[in-house]
């Protein structure tokens, strides 16, 4: 029923080792960093992570694991 | 028990490659763009995505993966 | 353990092709329309859908797929 | 690992055909009515349902299906 | 991959028949009572339950079933 | 499809017995303590737990089980 070639998660797997922006549900902050690992629930392991509020860089978080269900969106850093 | 011909997700599969509007839970923004891929959780891979607040076009997001559980509704762009 | 005759989802299946009112979690709006399809997660495919705020009819949404986890309740239109 | 005799859901199954009070997550309203059916996700089919705000009876909802994940608690009416 | 001896849920199973404090997500109230039963989703069946707001005892709830996904934390009463 | 060596949850397993900071969804508090156990849902069993609001240490919680779905992020204490 689902063509595995086009699964949305494949797009995220293709971003491992590159910089991503993660929008958190109900949160003005975004997180930006390098994607180290991702699983089928979109749980993310990131490093070199920092907070962004609007276009302004905020706190450094370093290494962090983010639970997938609280993520709104994942996008490559342009 | 479920007639697979009429599953709601089939409606979404039929929208792949066309323009959709995505309403986000607890968010004034909608996202509009082309649906590239969707899976059984309604995770979406979209491109040419931009934000809409009311009828006003907002920021361009480009390529984005949206986690299904934070989506309220998906509709074809009329 | 569960008597399949009385599963809550059976009640919703019985509403396919009839008018329903859908209460959305944390939202003053209700959605009203014809139920086209439903699955085991209570994802809904509706058409002829419009928003209701209190007893006042709002915007027409037409065809829409609503993700089940963001639905609070489903009721037949009396 | 789990003793099926004491599963929380068994308590809810024992309430079928009796009056229950349902507390909704992030909602001042409670719902009160007769439990017609329940499944393993705590999705509820209720009838003779009405809203309660504090101790004050509100709108009649009649027959309604409530999605389990948005329920905070279920209790027998004393 | 997971050592079953140390699963978090085992800690909760060990609390059956003793007093627990339950923190609810996005809620100033805590619930305190005796844990009667728990399942793998952390759905809880409690009795002798009452509300706590800060350190102040509130309403008696008696017997109640709480849905696991809306629970933030479970702790033994010291 | 998923390389088990790099699963995000492996990062969390590696933190068992060390100090972690847990960010809670929609909550100004963070929790800090020793990770005793974790499962595949990121349910956590922690001890020596205390609340942090910003950089200020708050209440001691001691032993606590936190439900995974309400966790935003998990990070090692630097």
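The first chain written gets the first letter, and so on, giving A, B, C, D, E and F; residue counts start at 1 in each chain.
The rule is short, and it goes like this: contacts are C-beta pairs under 8 Å (C-beta built on N, C-alpha and C of every residue); 3 or more make two chains touch, one makes a residue touch a chain.
Because the structure is predicted, anything quoted here is derived from the model rather than measured.
Student: For subunit A and subunit F, what's the span in angstrom between their mean Cα positions?
Tutor: 18
Student: Using the average of all C-alpha atoms in each chain as its centre, how far is it in Å between subunit C and subunit E?
Tutor: Averaging C-alpha atoms per chain gives centres 32 Å apart.
Student: On subunit C, where are the residues touching two or more other chains?
Tutor: Answer for subunit C, listing residues that touch two or more other chains: 25-26, 69.
Student: Based on which chains touch which, is the overall arrangement a line, ring, star, complete graph, or other?
Tutor: ring
Student: Listed in ring order from subunit E, and going the way that reaches subunit F first, which chains are there?
Tutor: Order of chains in the ring, subunit E then subunit F onward: E, F, A, B, C, D.
Student: Any idea which subunit F residues touch subunit E in the complex?
Tutor: Contacts found on subunit F: 4, 13, 16, 24-27, 36-40, 43-45, 61-67, 69-70.
Student: Subunit B touches which residues of subunit A in the complex?
Tutor: On the subunit A side, the touching residues are 1-2, 6-12, 25-26, 42, 68-69, 71-76, 78.
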